[in-house]
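In what comes next, subunit A is part of two complexes: it sits with subunit B in the first one and with subunit C in the second one.
Coming up: the complex of A and B.
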């Protein structure tokens, strides 16, 4: 089970006249709200302006959850074996990469044997349709809605 | 000056194989999404769905959100991020931690030394904020282990690594 780290991490990027950047960091209780972090950061930056003549370009708030203990990955896990799930919205496409692909979900016959997800199998189709829960929430790196129709096969999730 | 949220929050999922090798895949959530909702999605729905397709362990899920300075002004000529003020803090459990503040103002350094003038009003204001008990009670900003800072272990120093300004 994933467990929250005890601390949220804030990295602050300072920039000088030449555009060089260096960071410093602060930590807060994981449970502290983002609004409270912003309030503290406003105070902190106000104090920093008294001692630093660099400009603060940005700060990044990071929350981490981690699985403790030994890896439970299968002995034959291959992180270089990916599922590349291409989805389209009709005019553009994006991809979900999933390393450590489960080979037992691939087609076993025909020219795509061992290469392509066997979407004709009900259990595999169910897994793919379940990805709708992901595509409905995530967006593209640009912040646009994530495509939801598989490029290969046209399965809509 | 205000710090404005970027249009997306990043969700980085770390996959791990049996030997401890890692591979990271990034997803993005709307910047306007509530952080708690993103956490619930990332640690619940997302890893459940991904786990159905991978036989790697999902070791770590990290969520980051960037806040950009929307009124970034050109820093003064004398600014230099390699010239840092170094504060070594002592926490209430006697452990130490360090903050390096880039581009420390030269006017805060005692002439002929690398020692920071700890009675300068701006240095005092920074110090007081870092050890303030009232702020600690509300925000809990402490060292990386979550322990309250109570003072400095040694006098803060200026360091200056090589940079474009020498």
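Coming up: the complex of A and C.
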């Protein structure tokens, strides 16, 4: 949920002849559309060129907001405990890390008891199927489509 | 330190492209966490190396959760059941569909040590034991469930010879034939 703290930050990197880089930043309202942000950023860069010898190398747009409310995490929450969800399309592999693992979702029987997600549980399987739907729309850190198949609990979801 | 990822075209190909290592299941979470630290871009000398390194580490991590040796162990178990059926006559059955949700369950379970009791019929062990019993019965008149005749074949032959020798008033042709039999058995 958006709060009063929601903002859109733009950081622009300048580079000199020796390759040194320094940043300048702008802050916009969160409600500004991406197209508007690009328009104002381009104007800003155009004006900067008149007063700076540096070259523009890259820019980063960051949207930030905080969840409203004072709710606190469950007493068992441990952010040092992760779930590692491995994905594969048969040739490429990737991994999604989820902090604060719920240990009660792990297998309780067999060789991997206490290690793997229990994909045999209907509730866990439903979560994984839902995640698999979303991975079709996200990309790897390199910008490639995500591998398509979850490898969890010895199952391909 | 930053890693340079050598890809297969840079190094000679080996016949065997993988190796079997023993990893305690309990240590897998910690190994996966260690692999994660090596996924960072800063560990690699180029974006391409970082991408291939991340994929390689993710592949190995995923395989740690798939029980890589299960198929090998299962193949060895199938060979044991085959040998056990041939030699001991053990009859195995299986339930399930071979999936994680409905895995194969074999019964009876394989014994920790080879069975010492007699083999069940049909089996190599049963047939061999039965042949030995029949031979013992024929030669020594030892009786068994499947060889109940307590007559000793050698004694039977001796009795037959003695009976032939005692004959004096039979037809000469029959007597001559019996004499030939006696000489053949003597």
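In this text, the second predicted complex is superposed on the first by the 140 of 157 C-alpha atoms of A that agree within 3 Å, B and C clash if a C-alpha of one lies under 4 Å from a C-alpha of the other, contacts with A are read in each partner's own complex, and residues count from 1 in each chain.
We take it that contacts are C-beta pairs under 8 Å (C-beta built on N, C-alpha and C of every residue); 3 or more make two chains touch, one makes a residue touch a chain.
The shown structure was predicted, so the numbers you read here are calculated from the model rather than taken from an experiment.
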Q: Determine, for the superposed arrangement built on subunit A, whether subunit B and subunit C clash or fit.
A: fit
(Q) Per the contact definition in the header, classify A:108: touching subunit B only (first), subunit C only (second), both, or neither. (A) neither
Q) Of the partners subunit B and subunit C, which touch A:137 in the superposed model: first, second, both, neither? A) first
Q: Identify the partner contact of A:58: answer first if only subunit B is touched, second if only subunit C is, both if each is, neither if none is.
A: first
Q) More residues of subunit A are touched by which partner: subunit B or subunit C? A) B
Q: Based on the superposed arrangement, let me know which partner A:93 touches: subunit B (first), subunit C (second), both, or neither?
A: second
Q.
Per the contact definition in the header, classify A:119: touching subunit B only (first), subunit C only (second), both, or neither.
A. second
Q: Consider the C-alpha centres of subunit B and subunit C from the C-alpha centre of subunit A, and write down the angle between them to the nearest 10 degrees.
A: 160
Q) Minimum Cα separation, subunit B versus subunit C, post-superposition (Å)? A) 12
Q. Which subunit A residues are contacted by subunit C in one complex and by subunit B in the other?
A. 97, 140-142
Q: Would you pull the subunit A residues touching subunit B in the complex into a rising list?
A: 2, 6-7, 14-18, 20-24, 26-29, 32-34, 36-41, 43-44, 47-48, 50-67, 71-79, 83, 96-102, 105, 127, 130-131, 133-134, 137-143
Q) In their shared complex, at which residues does subunit C touch subunit A? A) 25-26, 28-29, 32-33, 36, 39, 41, 47, 50-51, 54-59, 61-62, 65-67, 100-101
Q: Using the touch definition up top, name the residues of subunit B that touch subunit A in the complex.
A: 3, 7-8, 11, 15-23, 25, 27-31, 33, 35, 39, 41-43, 45-47, 49-50, 52-69, 72-82, 84-85, 99-105, 108, 121-123, 125-126, 129, 135, 138-146, 163-165
Q: Note which residues of subunit A are touching subunit C in the complex, please.
A: 82, 84, 86-88, 92-95, 97, 111-112, 115-116, 119-120, 140-142, 144, 151-155
